[in-house]
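Quick heads-up: structures coming right below.
Paired with chain B in one complex and with chain C in the other, chain A is shared by the two complexes that follow.
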Partner chain A sequence: METKGQRVRHAFITAWALAVIVFLYLPTVCITIASFTASRYFQFPVAKFGLDWWEKTFNSIEIRQLLSTSISIALCVTVIAVTLAFFGALAFARYDWKGRSIYQKLILLPIFFPQSVLGLALLLWFNMLGLQLSWMTAVFAHLVWIVPVVTLVIAIQVYSFDPALEEAAFDLGATRWQVLREVTLPVLFPGLFSGALFAFLLSWGNFPLSLYTTGADTTVPEYLYAKMVAGYTPGVPVLGTVSTIGAAFLLIGGYGLILAMRRARQSATE
Partner chain B sequence: MAARPTILSLKSVRKIFGTLAAVDSINLDIGEGEFFTIVGPSGSGKTTLLRMLAGMEQPTSGDILLRGERINDLPANRRPTCMVFQSLALFPHRTVGENIEFSLKIRGEARDKRKARALELMDLLRLPQAYYGKNVMKCSGGERQRVALARALAYDPQILFFDEPLSAIDYKLRKTLEKELKDIHRETKKTFVYITHSLEEAMVMSDRIGVMREGKLVQVGSPHEIYSAPTTRFVSEFIGDVNVIPVDVAGDGLLKSVSLKDALKGPVPPKGFTSGHLVIRPEFLRFIGKPSEADNSVSGRLYNEYALGSRIQYQVRVGERVFIVEKLRQQMFTGKLDDEVRIGWDAKDSILVTD
Partner chain C sequence: MRRLVQLGQGEKSAIPLLLFLLIGFAAPLLAVIWFSFMPARTFSLFAAPSLANYATIFESTSYISFLWSLGLAAVTVILLALICYPVAYGIVRVFGKWAMLLTLLFTIPLFVSENIRLYGWILFLIKNGVLLGSLKSIFGLELESILFTRTAILLGMVYVYLPFMLFPMTLGISMVPSETRDAAFDLGASRWQVFREIELPLSMPGIVIGFLLTFVLAVGAIAEAKVMGGQRIIPITHDIEIAFTYAQNWPLGAALAVLLMLVVGVLVLLALRRFDLDRFLGRR
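Right, the complex of A and B next:
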């Protein structure tokens, strides 16, 4: 039985939690609602609903080009970042070596740089080196900021890794390569997987670094900003919604995959 | 322990970390099929020694010989030895069967052959066959011990190393597993080299015990020798409570202790022995009426008593000194606390040791 005091407290906690959720997600919901307008101008609340802008957006070659650029950058960033961050995380959390504590601090610093300044600095560098700016230079720019984040994500998993596992495998006759393939990688897989999700999503949504470094190519966030500043159409909330929903699907899908794998492993119990 | 051919031989093995000699000039021969246990407190270098034997550390100097062949630089994955780790190091993403078969899979053996061998080992270790496909992290502590041992045995090593695998297990299960391990040793006839900080654990299982202190082997012998004939105070104090009286050898062969009035009769001191400690195990002390009932006696006050299961321990205070007496429950002493009591012991039941 709940006492009156407990009931009041529960009601208060529920109200507070709801307020936080509304605060966090209402803006995203508004964008989605705004995308279903039939009018040609920015108008909120929506006066007349319609799917016109969704149709226009999906038929636009320009939008497809944008999505393809953003996906290319995010995929390249994911692959390179996870590879670098995996070894980086081993150096961060697994091995004891001279200079490790300095390394641990230096590797995390780029996360705290203002991204607009970092973007500008990279732009100056690319110019000085005479590199042609394109989505490929943006990949490099994203990596500077994302590799530290992914290193940290994977390092958390590495900290809970018992080094005796590798020694045991080695002692049982495995070569260094077999130890990596049979033990280290599979045991660290959840960390690598969440690291990959982080890398993809952070690259997908990044605006400041892309703004400076994509050159003639344009990513989704850049386009949204440009259209917002000049030439607004309700295609902006449509693309924004697509971008957000895509990210959400990836996140939920990834989570579902991990759950499914865990369940498969548990069902091996019986 | 006679006539066993030597399988593993250590010649002046040293390991230096920085300026510290973690393992200092160890000479030791371990026999074929022997259960040898290295005992020492934490920091005594026993883990470093074991890791050198298993090939996970290289000695700074000295040689390790396996059947006469120098194996100092042979990496762990090419040594015909296998280790059971303190954390057990079971692969959490694998089933019981996959864990046991790991070395066979690495060796490239066929699936059905691997499985047959795994099931055979599970039988030996009394793991139900239904566990073959069980997630290893779902096993109990005792089951995990058995899986780890089965995984090591599947490698078919010439020597099995154990790095305190029972230290994290509760008392009752540990006692069972100690005996089981000794049974497995009997069944497999393999050489077991075990390290632990518990001399009690070593006693139960071992053919021979080596006691380590600060990187050195201070005594090697059978459990009986270590218990009843320790050569140093350190070894004598390693198991249970003992009475240790600092003594000097007097001219007449008697022993003098600054803390006790009367001279003591003890064993004949070895040549060159001038001062050291007289050790008397608590079960050799007895409550007596008159001084003439034992070779040595002291009188004091019964301060407290502690029930230790099958035995009762009494604390007797003699001046500044505390004596510990242990009796079987059936022979319980009937005195009252704070009574004046006399305790005595015979010279043959005491041991002279150096520091």
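Right, the complex of A and C next:
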């Protein structure tokens, strides 16, 4: 039963949410438009559209170098983060042990910490250790912030995991390794997959940590920042558009895959 | 003597992550704290510790930057709470099968570098940009751009940190059982009473996490003031960065960072002290 007041309220909430979505995507639309202009400087309404800057950007060796640095960092972060966070999430949500409640809060601390300060702290720390800064130190820096996030993402999946499944497998004579490979990992797969997606994308888009820890190497967000502060080229909106579309693709594709798998499993058990 | 220490599964699984955070998080912070006691403008680690850097800070005008950072963060948090609550409520209670799609739409910008998204605002707001250009060509209006003002900084911060308020809030609101709400309505409570006495208190854990997360992130914000504000405001993070880069005064920068860490740390510890994470993340 819906009253009139409720209908008005729901209409307001829907309109509000749509307005927020428009607010959220407005800059993205502007960037996309800017990337298709043919002129050197952005002016609206656009006088002439063209793909010139897309071509120039993708033929630039510098840009390819940036993309490969960013992707290498993100891939390394993803692999290491998911491995560490898998065990971290088991300790977070699966097992009962004495220090668990303190442990859960300790894990959160790096998330609740200003990233620019964390980046500088790591710079100082690497310097103390005498490490040469490069994309590899940036991987380490990203991990400090991303591993806790991924741990939480996987932990949410672990909470819904029934430990009786593992016990049943042990009772049937499976080894520790077999249980991990045939029971634990497949059941937790959606969580691990979301975790990997988060790790990759958060590393790909990260700026404050990269800024202080990449040394001579440059990531895409760093390059864009440098160009935004001084020396605009229409390559900036092109890279921005690519980055946005890439993220959207990965996310939508990723969630589509998870949904499809869930559906397949449901129809298999029916 | 083979098993000197018997560790359970939980401890064993926790060790790799704890070790990692020890070298990746605790040690760098200790390094910053130690460095803040070194003499100004040095890079040595073994001088006699002193409080000289802190004295310099308290005599300087850094407190203005501190106040700007904290003030901007506080305003950002309040605006975000007002903007996000109706949306979070809608995702949990109103949108039904569309909720999933909306959540996805709100998630995507989270993964695009904040620089890129702020840059889009510049294109929108700048003179001859999307907004002013359209106004000019359609209505013949010529207005001043709000870019490079304090309003623009605030807009940038609200924009960048929106998802960090929205998602914890959504989680919080979904913790309120529908039965409790229905019962209150059946007993004759008004819409406002249900909100104030049931929905708000029961969704508090999520709301607190959202406040905390956005506040901490906003205090650490650096790009917004530079990109959108044209340095109209110098936030504390900017002072810290200057000390570490142009000024080459690492001990001073470290001392500023320690003060910022103190403010944030106290807030986070107070808020998290009595927080039941199992209930928050593992419900259902």
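What we mean here is this: the second predicted complex is superposed on the first by the 246 of 270 C-alpha atoms of A that agree within 3 Å, B and C clash if a C-alpha of one lies under 4 Å from a C-alpha of the other, contacts with A are read in each partner's own complex, and residues count from 1 in each chain.
Note that a residue touches a chain if its C-beta (ideal position, glycine included) is under 8 Å from a C-beta of that chain, and two chains touch if they have at least 3 such contacts.
Every value quoted in this text rests on a predicted model; they were computed, and no experiment measured them.
Partners chain B and chain C, once the complexes are superposed on chain A, both fit on it without clashing.
In the superposition on chain A, contact is made by A:Arg265 with chain B only, not with chain C.
Of the two partners chain B and chain C, more chain A residues are in touch with C.
Seen from the CA centre of chain A, chain B and chain C lie at an angle of 90° in the overlaid model, rounded to the nearest 10. In the superposed model, A:Ala247 makes contact with chain C only, not with chain B. Using the contact criterion defined above for the overlaid structures, shared-chain residue A:Phe58 touches neither chain B nor chain C, since it reaches no partner.
Of the two partner chains placed by superposition, only chain B is touched by A:Glu167; chain C is not. When the two structures are aligned on the shared chain, A:Phe49 is found in touch with neither chain B nor chain C. Look at A:Val183: by the touch rule set out above, it reaches chain B but stays clear of chain C.
Once both structures are fitted on chain A, no C-alpha atom of chain B lies closer than 14 Å to one of chain C.
No residue of chain A touches both chain B in one complex and chain C in the other. On the chain B side of its complex with chain A, the touching residues are 54-56, 75-78, 81-83, 85-87, 89, 91-93, 95, 102-103, 106-107, 133-135, 138, 151-152, 155.
If you check the complex, the residues on chain A that touch chain B are 162, 164-165, 167-175, 178, 182-183, 186-187, 189, 265-266, 268-269.
On the side of chain C, the complex with chain A involves touching residues 8-11, 13-14, 16-18, 20-21, 24-25, 27-29, 31-32, 35, 43, 45, 83, 86-87, 89-91, 94-95, 102, 104-124, 126, 128-130, 132-134, 137, 159, 162, 191, 212-213, 216-217, 219-223, 226-227, 237, 240-241, 244, 250, 253-254, 257, 260-261, 264, 268, 272, 275, 277-278, 281-282, 284.
Across the complex, chain C is touched by residues 5, 10, 12-14, 16-17, 20-21, 23-31, 33-34, 42-45, 84-85, 87-88, 90-91, 93-97, 99-101, 103-118, 120-125, 127-128, 140, 143-144, 147-148, 151-152, 155-156, 159-160, 201-202, 204-208, 212, 220-221, 224-225, 228-229, 236-237, 239-240, 243-244, 247-248, 250-252, 255 of chain A.
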